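These are the structures, in structure tokens.
Note that chain A is present in both complexes that follow, paired respectively with chain B and with chain C.
Then we have the complex of A and B:
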């Protein structure tokens, strides 16, 4: 049954997913070209000095792409369900309702994690070509919150879309914006902070159960 | 005969607006049950409660003896549900949607689905979003037949369908229901189509039940009488004898469950001249309008 659900969700998500993957790859290619250009003209040490001393964020092109990806995937996955209340069809399937909703978001979560892992891997490889491993780890630590915000934005957007009560949507939206902003606050993200961000992002996954409960109760 | 659906003292409000109060009915196994009512009388609300998509203010709905608000998966598998407007996953093709649903239902039979699809002039890769309303209705019906449920709940199957597709839908449904002894719960706003289809009917009005009986009993007992009324201002209140009364210029119409002698006696007691009283045969649609009124 899970594979059938995966099939349905993939049919909805695939083109947007490939689109966001292409956008991510373009951003990484741009970062790679920049890196090649600056290390050629400034040497690797000089370039990294500029990054440290002047705060030159050579990888910032990737900053908002995971956030946007999370929102886009949530919209293409759940808008067709809410349009004409198609979610009733899904909830009528012979599976427990909360299990169905959690399975649906687990599919979105897994494909986002795969994309974000690809982004991290490519950054690792590209930065590793020009700069030492300590710098690579610093870059990955710094970009980690940007990847996790993609997960949180996905969970929060699904909860907002599935929520049938407009007033609750209006309350959830500023809460979601404030929550997502937390992921951009830290100037020097480190391992401990990133572990907290993982926990924060995963906690938002439960919100869809409340929205689903309101939908199921027929609250409008 | 086993009760497939039992509705007990159901009351529902939308905010402060009462939809219905102390609503009771039951559907026996193997029967075709029609819930009929004008727009806004609570047909879809009842179906939403039955399918667990709405929690009633009070009362209880049981399907196969289980509380409809918390149906276990095995019971849900026994219920085929057609959403008003033949809503389905429009981003899927004919083939994809069959493949998707087949994994969920152990009794899945794809033959009736593809048999129905063969009647449509579409390829198996055709997306539902590119199909006409009539074609989508056949997809939705085909999926329910393939599911092979014990109870079919069909919310306004006729919505958006032309006469040909309505007939095709019902012809298939009748053949299937009779052959497999299925229970059907159906609503429709096109009453005449259901004339030779229903076994039992429940006719509801705003907040009340008007009729709950086998359809043949309703059609034989509910009568329409017309008579010449010189006074166009004549008014008759609804009561046990007069279920509805209409007057247009000098032509008066009475709808009643009473026999002619009882009606004549009642009109005589009011000194209303009924010498021209004559019974006029009715179709199911006439009877429906007669009992619910035109407004």
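Then we have the complex of A and C:
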């Protein structure tokens, strides 16, 4: 059953996913070009000084891409389901509704994590070519909330889409936006904060169940 | 069951987000800018001058309350304002029996402020090692950066690879001077905008302080022989032509020392009750006196010392900060706590949780009673609604908003 569901969800998601992957790669390529450019024109010595002593954020192009990716994947995965209430059919499969919804978002979650891990890995490699390991760690630490926000934006968007009643969507949306904003406020995040943000982002995955409960029962 | 858990997460999301944003917007509207008084010590009258306003006529006052204009202030603080006085041809020839010479005034004047977020900060642990005796007027940025981990390593900017020869040379030299790798703290002043270079002060793994620099391409390393039990929190190294000290050393218990040019002897600043995570440390100096202040959101404690750091006079003042004003009192009733991700006293984003105190219990209790009636109206028995009630009791207005906005799970439909 899960593999059939996996295939169905993948069919919906794949083009958007490849599109977002392409966008991420373009951003990474842009950062790589920038690194080469700065090294040439500021001189390596000048560029290092800017990064190490002044904290020049040469990697900020990647900032909003995971956020966008999470939202896009959630929309392409769940908005067709809401169209003509097709989710009703899915929810009539011989699987318990909560399990089914969690299975659906687990698919989106896994492919997002894979993409974000790829982004982190590529950043590590290209930054590591030009700059020493201390800078690589700083860059990964600073970009970590920007990657995690993609997971949170995915979970929150699915909950907003599946929620059948507009007034309740209007309640969820501002708090979701406020929560997502926190990932961008977090400059120079402390380890504790990063841990908490991951944990809370993972917990928001359960929000879809509350929306699904309203949906299944047609609660207005 | 899972749906109920989902609802609880939804409530917590609302509580979490509102406890950050509602107080933030509240204070954006109601926070008052409170001017911290600036405290000076006049070498002319040997008394304090306190500046609270920008008004040119009532520019500052002395502790007895007498007001002075800006011209008076400049006359009473001739060393601080020597440029203006020279322009007006009003600089006295001598003070305290010492002739006032512009070069000497300039050499002796300095001021420095260390903020709590300077101390709660971890820079990237790579530093440029300047050539401290290049024979050139200007300092030049080197082509490599060093780290002191298991050994001292120089990384070349151009190739991003280790300079093995230089690394080995410095590591061997440091080991010969009994430096214990790795370094715990490296403090320097990595800028070319200074008159000369004194390199770095490095705390080794056994809390010995070493002075490390590069002289004509060769390593220089001296053990400063400070007590190893100081518990150093921060060092501020600043090269000054005065050459009285290399910089300041701050310890976690709140002591501040000068690292003097006299064989690295530590000179203790006469301070008490310095809290590194709250107070700003400010020092300003002239030919005769040192004025050292600890400033926080609602008080200033100043001592004036002579050049040997013996106390000459003290001044203390406190004022109401935003928490004591009406907006703050209202906030302490309405918000049981506030959360912030950033804090003025730290360079890290993290959770900065502030509890309001007992007043907020009153507000939370009233809201909990209201919640009880709301739950009754929703036909939710206490057995099912206890979490909502507790949430409001502990999180006050934030929990109340959450319960108000999110309906309960209906047992009949599950």
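What we mean here is this: the second predicted complex is superposed on the first by the 212 of 220 C-alpha atoms of A that agree within 3 Å, B and C clash if a C-alpha of one lies under 4 Å from a C-alpha of the other, contacts with A are read in each partner's own complex, and residues count from 1 in each chain.
Just so it is clear, a residue touches a chain if its C-beta (ideal position, glycine included) is under 8 Å from a C-beta of that chain, and two chains touch if they have at least 3 such contacts.
What you see is a predicted model, and the numbers here were worked out from it, not measured in a lab.
When both complexes are superposed on chain A, chain B and chain C sit side by side without a clash. With both structures placed on the common chain, the touch criterion links A:178 to chain C but leaves chain B unconnected. For chain A, the partner with contacts to more residues, out of chain B and chain C, is C. Once the two complexes are overlaid on the shared chain, A:11 sits against chain B while remaining clear of chain C. Once the two complexes are overlaid on the shared chain, A:217 sits against chain B and chain C alike.
After overlaying the two complexes on the shared chain, residue contacts for A:32 are found with neither chain B nor chain C. After overlaying the two complexes on the shared chain, residue contacts for A:86 are found with chain B alone; chain C is out of touch. Using the contact criterion defined above for the overlaid structures, shared-chain residue A:44 touches chain C, although it does not reach chain B. Rounded to the nearest 10, the angle made at the CA centre of chain A by the CA centres of chain B and chain C in the overlaid structures is 140 degrees. Once the two complexes are laid over each other on the shared chain, residue contacts for A:200 go to chain C alone; chain B is not touched. After superposing the two complexes on chain A, the shortest C-alpha to C-alpha distance between chain B and chain C comes to 5 Å. Touching of chain A by both chain B and chain C, each in its own complex, is seen for residues 217.
Those residues of chain A lying in contact with chain C across their complex are 43-49, 52-53, 98, 129-132, 134-135, 138, 171-172, 175-176, 178-179, 182, 185-190, 192-193, 196, 200, 203-204, 206-210, 213, 217, 219. Touching chain B in their complex are the following residues of chain A: 1, 3-4, 7-8, 11-12, 80, 84-86, 88-89, 91-96, 216-218. Across the interface of their complex, chain A is touched by residues 2-3, 5-7, 9-10, 12-14, 16-18, 20-21, 123-126, 128, 141-143, 145, 147, 155, 157-158, 160, 190-191, 341-342, 347-351, 405-406, 409-410, 413-414 of chain C. Listing the residues of chain B that touch chain A in their complex gives 48, 51-55, 73-74, 76-77, 79, 81, 83, 85, 87-92, 96, 99-105.
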